[in-house]
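Letters A, B and C name the chains as they come in the text, with residue numbers starting at 1 for each one.
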Amino acid sequence: MTYQLNFLALWPYLPELLAGLWVTVMLTTVATAGGIAIGICGAAIRCSRYVWLSRLWGIYVELIRNTPFVVQLFFIVFGLPSLGLRMTAGEAALLAMLVNLGAYSTEIIRAGIQVTPKGQWEAGRVLGLSRGQVFLRVVLPPALARIYPALVSQCVIVMLGSSVVSQVSYEELTFAGSLIQSRTFLSFEVYLVVTLIYLALSLAMRQVLLRAGRLIFGGGLS
Amino acid sequence: MPLITINRVQKYYGQNHVLKGIDLDIDQGEVVSIIGRSGSGKSTLLRCINGLEGYQEGSIKLGGMTVTNRESQAREISRSIGMVFQSFNLFPHMTALQNVMLAPRRVLGIKAAECRELAELMLNKVGLGDRLDYYPANLSGGQQQRVAIARALAMDPKVLLCDEITSALDPELVGEVLKVLEKLAAEGMTLILVTHEMNFARDIGDRIVFMHQGKIWEQGESHQLFAQPQTAELKQFIASVRGLGDN
Amino acid sequence: MTTFTDWDIVRNLLLAARWTLLLSLAAFIGGGVLTIPLMLMRLSRRRWLKLGIRAYSNLFQGTPLLMQLFLAFFGLALFGIDVSPWLAAALALTLFTSAFLVDIWCGSIDALPKGQWEASRCLGLGFGQTLLRVMAPQAIRIAIAPTVGFSVQVIKGTALASIIGFIELTKAGAMLTNVTFQPFKVFGLVALGYFLMCYPLSHFSHYLEKKFHATDNH
């Protein structure tokens, strides 16, 4: 019972794959930028003196880190509308990714901030900088540089996790694959190609982000 | 009228009685060196003067202002009192120039161009006019400490506090930092130094304050104090420090 | 038309959660066992074996778990095997687990001082003996916290098995939502279920990290 793999039959569907790839790239770009921004705010809150706010954020972080992304996604896509909150599949997918990355990046960035030598905070204070100014200008930049590789890894994980949003009918790369599969019945071939595209995308994303990091943090940090 | 008045200050770290009633007046233009063994409370006293640490009893006044460790007062204090740390605490992601420019720009609200001029002036003053765009990682310890001094001076403080600023430096780099302090002293800057550099304290300082077990044990004019120490503890201290080799 | 009480919902979810735990256990144990020969390959002196295992890890770490599940499901079918979702999920998750664990465990061994290998060699111990009696006991201290931490990833990963039809906690949640029309409550309970399974392990992992503070080794 030999089975011949037929990759050639997929060729006409290249446009669909590229369209899906584009959506994945767009989705990931916005989710990455937004997720890191949320993470910076979250880390600031977690390092601040506002105990109750910090605890609340901490609960949010633990909830996200201990539940599967697909459940978070289903909760947002199916659960929120029942409370009256309507949104498109794309908006829901983006929201789920933002919420997810926001939680993980909070912890990653926070770890970077906590190893800041006490002397940096003191030096800022004796120069008259407010706590907020010290956080933003003195503590945060080196902290981000320190944890940048870990942050990049997390962003790649979120990108790979985005394949799950195909299940709520958002037309990204995996969805394109499913569409092609339903037309050609060449399941293994399609998903193998899609998987290889994700692999290439994760390698490219890592390179781009690490290189960007070198440009931004190139400065005097050893 | 003294610039700084320290009156009956007591400080505890939990059960530990660190400062046991400090009375000290510092006049404008004075160079005061605080010496003593580790644990005598000298760094703690210095850090109380600019509000980095609090105290339980007594008062510390600068001009009309009472110094406390409340965060809300930090800004006000920074306009009058500057500090240089043992471990420099330069901001590693900024160049020397940017380090010096930061506070005048963000705290005093001075315009960027003026800040730059001010920073260049300060860095020239400490002898680093040719290293403006260097990052701390590319500067020697002595150069980093001089940047730290320039950074503190940029705020135009009335008093400069120096917390063992040469202790973390390799011996051959200590001289360049002391030269800067000498220059500042000659220009009339009020300096309070916690230091182990006995020769410097004696030659450049106006007054020496010897602290022991949380109290001011003995104080006086610098040459006099070293020539004729009155208390046994000070005699012992001077002897032990001499043993480390005069330079 | 049957009405579902809250207890009906919880009961069904609990029954389905058993399968989540079973799949997690199978993948974790299977993956762990598979990791051992992979580790030996990665630690061997042959460059191509080392690189091969590196590539294996990079493959699983650089592709979506969902795709790995799909490929297992449709790939096995090509061989004419009657693939059940359980089989495909167990296979995919086992391979997935091994790819990550080989990284973690080899990383723990690499973290040990080089002097240990040299000292053993000078004492005449062979590669296997050194690994077993000298390196492993020390490496386990370093490896245990991240390994427990990874078990959380495995449990979360089983949720994707629902997409290839395996009936576990997430799938049960989806099915219950369809009949009860209470997605907020149902998926809220599903999330709670995963949280109750994962949080103790996460917490334990943190505790282990503090206890066997890896840097104490150097």
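Rule of thumb we're sticking to: a contact is a pair of C-beta atoms (placed from the backbone, for glycine too) under 8 Å apart; a residue touches a chain by one contact, two chains touch by 3 or more.
Not measured: the values here are computed from a predicted model.
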{"item": "Centroid-based (C-alpha) most distant chain relative to subunit A", "value": "B"}
{"item": "Central subunit by CA centre of mass proxy", "value": "A"}
{"item": "Separation of mean Cα positions, subunit B and subunit A [Å, integer]", "value": "47"}
{"item": "For subunit A paired with subunit C, centre-to-centre distance based on mean C-alpha positions, whole Å", "value": "21"}
{"item": "Centroid distance [mean C-alpha coordinates] between subunit C and subunit B, Å", "value": "56"}
{"item": "Complex contact set, residues of subunit C against subunit A", "value": "59, 62-68, 70-71, 74-75, 77-80, 152, 156-157, 159-160, 162-163, 170, 173-174, 177, 181-184, 187-188, 190-191, 194-195, 198-199, 202"}
{"item": "Touch list for subunit B against partner subunit A, complex", "value": "50, 52, 71, 74-75, 77-79, 81-83, 85, 87, 89-95, 102-103, 106-108, 134-138, 151-152, 155"}
{"item": "Of all residues in subunit A, those that touch subunit B in their complex", "value": "117, 119-120, 122-123, 125-131, 133, 137-138, 141-142, 145, 217, 219-222"}
{"item": "Complex interface listing, subunit A residues touching subunit C", "value": "1, 3, 62-63, 65-72, 74-75, 78-83, 156, 160-164, 166-167, 174, 187-188, 191-192, 194-195, 198-199, 202-203"}
